[in-house]
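Letters A, B, C and D mark the chains in the order given here, with residues in each chain numbered from 1 onward.
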Amino acid sequence: MTADLRTYLAHVELPNPVLTASGCGGTGRELAQFSDVHRLGAFVTRSITMAPRAGRPTPRMAETPSGLLNAVGLQGPGVEAFLERELPWLAERGARTVVSIGGGTVTEYTALARRLAGVAGITAVEVNLSCPNVEDRGRVFARDGAAAAEVVASVRAATPYEVPVIAKLSPDVADIVAVARACVDGGADALAMINNPVGMSIDVDTMRPALAAGTGGLSGPAVRPLAVRCVWQVHAALPGVPIVGMGGVTTGRDALELVLAGACAVAVGTALFHDPYACPRVLRELEELLQERGFDRLADAVGLAHRPAGAQPRSRSDLEESSL
Amino acid sequence: MAGSPVQVTGTVLTTRRVDAYHALTVVAPGIADRFRPGHFVTVAVGGRNSSMLTRRAFTIHDVKPDYGGTVELVFGVRGAGTAWLADLRARDTLDLVGPLGRPFPLPRDPCTCVLVGDEHGAAPLFALGDALQQRGCRIDFVLGAPSADRVFGALRARRMGETTTLTTEDGSLGMRGKVTDVLPGVIADARADAVYACGPMETLRGVTAVAVEFDIPVQVAVEESMACGIGVCMTCVVPVIGDDGVTRMVRACTEGPVFRGERVRFDDVGTIPFDALGAPGGRHA
Amino acid sequence: MTADLRTYLAHVELPNPVLTASGCGGTGRELAQFSDVHRLGAFVTRSITMAPRAGRPTPRMAETPSGLLNAVGLQGPGVEAFLERELPWLAERGARTVVSIGGGTVTEYTALARRLAGVAGITAVEVNLSCPNVEDRGRVFARDGAAAAEVVASVRAATPYEVPVIAKLSPDVADIVAVARACVDGGADALAMINNPVGMSIDVDTMRPALAAGTGGLSGPAVRPLAVRCVWQVHAALPGVPIVGMGGVTTGRDALELVLAGACAVAVGTALFHDPYACPRVLRELEELLQERGFDRLADAVGLAHRPAGAQPRSRSDLEESSL
Amino acid sequence: MAGSPVQVTGTVLTTRRVDAYHALTVVAPGIADRFRPGHFVTVAVGGRNSSMLTRRAFTIHDVKPDYGGTVELVFGVRGAGTAWLADLRARDTLDLVGPLGRPFPLPRDPCTCVLVGDEHGAAPLFALGDALQQRGCRIDFVLGAPSADRVFGALRARRMGETTTLTTEDGSLGMRGKVTDVLPGVIADARADAVYACGPMETLRGVTAVAVEFDIPVQVAVEESMACGIGVCMTCVVPVIGDDGVTRMVRACTEGPVFRGERVRFDDVGTIPFDALGAPGGRHA
């Protein structure tokens, strides 16, 4: 018997837990050349902004050991073009679409949420909080619980009740649980983590930063231990809040790792660049692993690593958060 | 144009050295079938448990019908990924995705075309030359590189082309200089109707300037760092002027790599031109 | 001509910039089987604590893509045994020894600094701030600028003038520059970064955390982009402060990357586990790279990537800190 | 005891399958020279650009004088690292560090020794048996595994040992059960003076209990996860009682992997015993 893979982002049911990560699946059309977008748990859009954005100069990417640095800078056509040309195509294909939004001010996020409100074909709104707050000298919202909560609260208020609001967090904070809690208190129905921690690479031949933008976001398997840790900590503190886990998922084993840590859905980002079939493959592998382990339902595996299994020899020690 | 790209785990049929380059022939029917000159593939490097996440992009040099379809890549060793590729042996497997990108558009009517290849940029020109000759076009080659061992395909060019002009920066083969130094003469002598070019940005910029001078169309295949090759990551963008006159940051992997030369804002590559759609503080932002 | 590799930690001269990272070179004796400890720029001890510590239960390590998670828990014999059995051996061998200290309270750090004060053979004291503050519910000192500064100030006060105090920082904070600045204001003569960000791995077969301690510190090439970014940001903000860069250095190229970002010395940690000759090799490779690039002095390369080289094509864009 | 360990990039001489195991012979003179039974080596896995940072530890199964000195490793495929090793072919190179660890101490005077090997734990016992026989000892083997294909070295044991007793959990070879089930009988029959054992912690615990029962010395080679193998990382510790009666967390890679069985606190492996030196809240803290 195969396991029941349905999962819930708040009250919204998804047929399976494997999503694309924001900014990694294009408009959906590109991936559709390889596999059906409606077979995804959900398609998550790149972060949509009010106005069109040209993004950052090139080079926008640099490879690092088991990682990738990117500095795309939210290039996109703006919300109007998105609603006109991209969302309808996804809706036609039967994809469940999570619309990610990004802005530089609370007002901009709110305006985006208002613009999306009532538009058909939106399964959830994901708030990308890793955007610089232009009103706070460019400090990223996700690094400041209060600012993050303010954005979430205003998006929540502007979004119809039936559309869940997902707050997407960055790992480069001193206390991810505090930011997560602030977002949930602000009205987030679910959390997504992790967005890219900020990294940098210097080309030792040109002796200049490898990215035109200097710094960039680090993604890929290199960051998976950070993602697992963030999901674990937040699930431990807020066990009732649905978490979309991501960061370096390339196989079903990686997905299961995040699920066991507490994610009820996982998103695949950088792995898509290497394997355009990554989402259906990860889903298939996850399904097999659950089956091998005798799970009837994905839900039973969510957060399981938190529950000390009596029979396990290593469970005597308590689990504290410290690198020491 | 071509059908959808596919992922193929192909067997390496042959490996050979061609001066400074390595050539790999890989069995990849689904890719060979759909090939048009100018297409590229991306390959996974480093094997299982590799620390190298991104695929490497290579123009398809040639396809053959053997074993259901093979593709040949030609590359120089640059970093760890190409070093790994250079170590592949026959019977190893290689994971490819392709064919990718917008291939070279071909003229409707027979005409005279100059094909310019700088370093490994020469790789796609022979399949292109074949296609042009099949349409009755005359072709002339201009191939260049810093030194003789890095001029790719000179012999084949001599066999195929009406004329072939070689340049090296150190003068070790052909004329001393760059392809752009000799291009005006070649265009004039051949009374060329169009130019196709492949090579570093700087070369493409120069080639485009020459073509514009002669007021003939030029198609260039650009090389930008690519994290995905399939249009999802937005890392490979170049500033290109659209039909509406608006500059956009467009993806080299899907809208390109072949563009009309005069549409590419070569001077602004590596920047966001202030008048690009969505530029910071720009009129559309 | 070979480049002048001398470097300075505040006023203390080191013959070369390649150090061991704390906790990665054992007592020095183990590495001495492979190469002379006195040929190191300096030997950095594991973090010494007042009392002996047994550390964490096993498993203490888990491999991750291009990374390593560890949860050793500062196992060590305590400061008295260190002074009796370890430091004299290092001194005899002519090693320059940087003593790393760790504690759970400001008082403990101070007591350690007092105990070390006046002891011969100590080149510098490194303050490992990635220890949980038992008086602040286990919050790690390095994640709180004020607590970090308090530790640094009290260690500085207890340490003889001629011995530099190095504050070692963690990357998992929202603003590494703020913590760095607080430490410098507190009296740190130099900074070391990065200590391990906290990560986690779950064994999908046992479905339990791979480490007995649950979370652990992530090290190795996976974290190098974070290290380069931290060094870059701190050097940009505090260009006069010497920085010991570390995090994933395995080759001379990696070392040069950190130097170009602003480090005047680099430490090798996890790479030693793979290659016990890593320190002399990294030094040799760094020397060759500097020579190839025409440097007369290492010092000329420190922070060079910050200075826009007129001739470089990519230098037009300004370099901001954001992953977007 | 032995000299310092060295790092060697050795050529793989032969690879072979032995039931469920793979055996690799690698040219590594500096390591072979210094070898004593019980020593181990660590090997780098995954090649250049590997995402696997830590070396893998393997007991040295055998050394031979060919080509200046070779070492043979025997291993089962467990994860990505051993899978990579299993794919090595003759003439590939392998990066080893060794010999590492405290080897098996040998008795001064001739005596009777039982050598217990569970699964790949049997690998070091033959070199040990040779050394013991050279000192005039009688040796008896007890080898076990879950199933017949995972019992290593049965033939060689039969040739070398006075007696050889095999166990499998599924009964597919020898007695059904574990090595610890048959060990008391073997010790009694041979009137053994000492036991040497190698295998999983659980087995070593059982073997030690039996030896303690018979009041004979037992030397066990433990297997803990190791990040460095050379004593610098402190990840491989086990709780061991010292001569002074104090329990310390000692490194399996340098103080071990061979310990006197009764000194290892097997029940407390995976914990910090409350009375260990420096235990949290403990008397020394």
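Basically, a contact is a pair of C-beta atoms (placed from the backbone, for glycine too) under 8 Å apart; a residue touches a chain by one contact, two chains touch by 3 or more.
Each chain and its UniProt protein: A, C = Dihydroorotate dehydrogenase; B, D = Dihydroorotate dehydrogenase B (NAD(+)), electron transfer subunit.
The model shown is predicted, which means the values in this text are computed figures rather than measured ones.
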| item | value |
| --- | --- |
| Pair joined by more contacting C-beta pairs (B-C or C-D) | C-D |
| Whole-Å gap separating subunit B and subunit C, where each centre is the average of the chain's CA atoms | 45 |
| For subunit B paired with subunit D, centre-to-centre distance based on mean C-alpha positions, whole Å | 56 |
| Distance between chain centroids, defined by C-alpha means - subunit A, subunit C (Å) | 32 |
| Inter-chain centre distance, subunit C versus subunit D - centres from mean C-alpha coordinates, in Å | 35 |
| Multi-partner residues of subunit D (at least 2 other chains) | 51-52, 270-271 |
| Subunit C: positions in contact with at least two other chains | 56-57, 59, 65-67, 70, 72, 212, 220-221, 314, 316-317 |
| Graph class of chain-chain contacts, one of line, ring, star, complete, other | complete |
| Complex contact set, residues of subunit B against subunit A | 4-5, 7, 44, 51-55, 97, 224-238, 248-249, 254, 269-272, 276-280, 282, 284-285 |
| Residue numbers on subunit A that touch subunit C, as the complex places them | 56-57, 59, 64-67, 69-74, 102, 130-132, 138, 140, 143-144, 170-175, 195-202, 204, 206-209, 212-218, 220-226, 228-229, 232, 248, 253, 256-257, 260-261, 289, 293, 301, 304-305, 308-309, 312, 314-317, 319-324 |
| Complex contact set, residues of subunit C against subunit D | 23-26, 30-31, 33-34, 46, 51-63, 65-68, 70, 72, 75-78, 212, 220-221, 270, 272-277 |
| Residues of subunit C defined as touching subunit B within the complex | 65-66, 221, 313-314, 316-317 |
| Residues on subunit D engaged by subunit A in the complex (per definition of touch) | 51, 270-271 |
